[in-house]
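In the part that follows, the structures are each spelled out as structure tokens.
Next, two complexes with subunit A in common: one pairs it with subunit B, the other with subunit C.
Then we have the complex of A and B:
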């Protein structure tokens, strides 16, 4: 058995891992820089592929200057104050609020899924419908959402909830069904009530996996959030991107997209940490 | 020696095929009353007839509006239909010099500001108004308020950026009184609803929202002259199309119905849209419009709007950096930074019957 290159038993050194893991980043950045400089040689005013300097300036303006629709108030002097009055912060706040509310609304779906999995009547009532509803493409329901919830915040949040909740529900349902029935029987013989079984035996042990499943759906949440903000809104990260697209403001769009990626990464990381902290016995993911 | 022969044969083969192959150009269009004729021109063989006459190949491709602009800016297509405003703030402001060769029409009521519950312009402050921001819709709103002396109210309005595909439902589903700025066919659809009335439309600013066919200037200036042949073929096909459209009688009806097909429209609905589109059916009318003294005032208004709204780019310090050259050769802005030109040559050739 050889321990050669590309084999299962290979043991790359620390530095090899370091180089390999950053290689695609470097290649991506280099490819971009090459394409951008080629385009700029051809057309110095090119806006499709801004240079690093242009993006830095775009981001600087976004992070320290108020949005154009806001009245330029008294000039804030300190850096944190300028940031708090900036376009980037305003958009981030608006999007984060929508994101937070819809994430909170996903937790009731967990409870419903648990009940569907444990209580046969609840399951009989909901399961078939949720299975059907899960396959509905939420975006195509938009006109109905507008009529039901208006064009303000509620319709955007509902778009996310309608789009993501069925997945969470069905996942919780499946995880609930996956709990060995012997455990439930045992709990009953030890004198547990129905709700003891539901919340203290089943929910307790599936929760880290449910939490994980919510975490893996972050991207879907953001996708629906962006769709909602691009369709009708007055602020938010995707609103700004939609607006900047109208005049090819890629010098701000690209930093915005990276900013969203960073925020998402941080949310993902903190959710993983919270899960570990809440359930130190949980060893998956 | 053998290698030399092979390479000689290969080069001669390639240069021969390059000679034999006609230069190919692509024109992009999107659905709008004044642009849908391109659908018919491609379908009926009119475009091919003129392309053959000038020894070029012309592909006609339908796009959604925004992607058509992106494709033009990315130099993926050679000619495109767009408004004067987008010609200025998309390709011209992105350093892609652009030449307008056909002034096809102007919006004469196609774009409108509608309200519910009998609101007036004055009432709009503090209320929601739905529109696709940073487009001609916002320009129309800006002009409506300015003309009525309400410019200061603009800042107090709550503009909701709404995608055009959902704007009609979004407006109808809101129970609160509010305004909307959009274009046909959404305008016609909304006006049919109870309690919706029009406060301002583009017929009150005639000629400010122009619909053009533009060509990249570098294509037009290709040394082999193929770009100019392409432009001549486009203009020739366009004005033959216009003559067919403006005729009367059953034949013209049939033509109009086939054009309407290009936007999945009925003849009646297409006629209704044309009634608020001032088509320049003859090349002479388009030339007269472009050489009228107020043409420059109109373009200057559009340019100032674009600059004030940052549409010329965040790095553009002055509106003069994206200069416009008018048909008479005068330049608005810095002469060394001409990005948008209005070239009447092809319309004039058509008017003189020299195409």
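Then we have the complex of A and C:
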């Protein structure tokens, strides 16, 4: 067998793919466990690399006990009730609300991008400004947003919108411009009006790709969300991570980071499934 | 059509010229052409001679530098329902099923953007669907194909659906831009028979752009050839004839001579032309 079996023409078996795809996860966990155990042998009080047991306890407390800042009320007895009163649920709910509102506010960007791509006067009016706005580093606007909108929810949501909306808008604009002109002409010859063409022909065609673009920008959305929460917030996943950093609470920080990754993975997966379900005709390139 | 006692052609192209760019590069020069109701006109010429441009001008998606195009005596400045359109590709909306594509025209022109909110829409949609199924049968597709998306169809099937889609709104004129040029020879012949039959049954006027001499002679009731006399001039009409009158072999020779002398597209295959049962080869 030549070395070529590892190159372009290689056809790995299902079991080989399975082993290879999980290998780095296993290696990472093993490396962490080795490092944690070595550090704990040297210093049993080490807080930088908590053991699995410490992290499990930290996560148990986060998921089933109220946050320190909350007043202790009557203790819930059932597991679901304890979870709904916990620090993890409180933080997840606060971050999810900001995330959801920000995602909903991206929809006008899609509509504006569509109109800019289709209607030449709208394009001429907005394009240069949006291109300029897209180059502004959103985080540099944070102080301005805090001054303009206060340190409440609005400034954090605006940060996400300002950071991600121009990208989504320009992506929608480009996708709109990419629709073959034959399709637009054809729709007119079938009796469609300008707005029929925009919403029943072009938007329907580009929407799966726009949806994908939003999905691929999820990380940017969460990045801006975390920046806002870390700087000015009293709840949220990033607020908790920033707070625990002061106490070197790695036993909770690491599970929180993994929890955020899991949530993001689930949102990504749900968006993929929804896209396939809504657009059965769409084949990703 | 008769206007003020004078018979007016369905499509009147008057002194039409088109130039692009700066300095202006002429594409079409002094085109005069009248097309009557029910004619099947094949617009023939080599690649780049401006035949698709002429079709787009009739369609209204481009505008002439000089001259006019009148449809039933009226100038149209953008595409509309009076002229159906079947391009070479991107004919069908990829997000709609075969049935959705065919019924799109009546639905959108009858009810507009928010029309589907009206109960009346659903009653009419049943009629549109019945008509669509009728067209599906006429173009040789099965009812089971109605739920398929365009990318699940072959090229020939896609073009059949595109024709049905264009005919659903009952246009008086059908404009076809190299609609069969991406198809294999067998499918192409079937499609030629189909469109010829449909145009005769429905009595519509067809303007069919092609670079195939054979195709033009076989399906056209009239063949109009565009060619450029020199590189500095735009194309003009060099031949306008009925392929069914006179010696069709002679016509084929004339067409080939014209194409041969302009020699703008060396890749064009002029080696063989088949007219009816006669094959003219090696010109």
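The criterion applied here is as follows: the second predicted complex is superposed on the first by the 279 of 285 C-alpha atoms of A that agree within 3 Å, B and C clash if a C-alpha of one lies under 4 Å from a C-alpha of the other, contacts with A are read in each partner's own complex, and residues count from 1 in each chain.
By definition in this document, a contact is a pair of C-beta atoms (placed from the backbone, for glycine too) under 8 Å apart; a residue touches a chain by one contact, two chains touch by 3 or more.
Values in this document were obtained by computation on a predicted structure and should not be read as measured data.
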Could you classify subunit B and subunit C on subunit A, in the superposed arrangement, as clash or fit? fit
After lining up the shared chain so the two structures overlap, which partner does A:191 touch, if you call subunit B first and subunit C second: first, second, both or neither? second
Touching A:49 in the superposition: subunit B (first), subunit C (second), both, neither? neither
Who does A:204 touch here: subunit B (first), subunit C (second), both, or neither? second
After the superposition on A, what does A:68 contact: first (subunit B), second (subunit C), both or neither? first
Just checking: does A:233 make contact with subunit B only, subunit C only, both, or neither of them? Give me first, second, both or neither. first
Thinking of the overlay built on chain A, is A:183 touched by subunit B (first), by subunit C (second), by both, or by neither? second
Between the C-alpha centres of subunit B and subunit C, what angle is subtended at subunit A's, in steps of 10°? 150
Taking the superposition as given, does A:142 touch the first partner, subunit B, the second, subunit C, both, or neither? first
Quick check for you: in the superposed arrangement, does A:217 touch first (subunit B), second (subunit C), both or neither? neither
State the minimum pairwise Cα distance, in Å, between subunit B and subunit C in the overlaid complexes. 44
Flag every residue of subunit B that touches subunit A in the complex, lowest number first. 66, 70, 73-74, 89-90, 93-96, 128, 130, 133-135, 155, 158-163, 166, 169-170, 172-175, 309-315
Taking the complex as given, what residues does subunit C use to touch subunit A? 59, 61, 78-81, 83-85, 87, 89-91, 93-96, 104-106, 108-110, 112-113, 149-151, 165-166, 168-169, 171
Touching subunit B in the complex, subunit A uses residues 43-48, 54, 57-58, 61, 68-69, 71, 142-143, 146-147, 150-151, 230-234, 239, 242-243, 245-249, 251-252
Using the touch definition from the top, list the residues of subunit A that touch subunit C in their complex. 180-183, 185-193, 195-196, 199-201, 204-205, 279-283
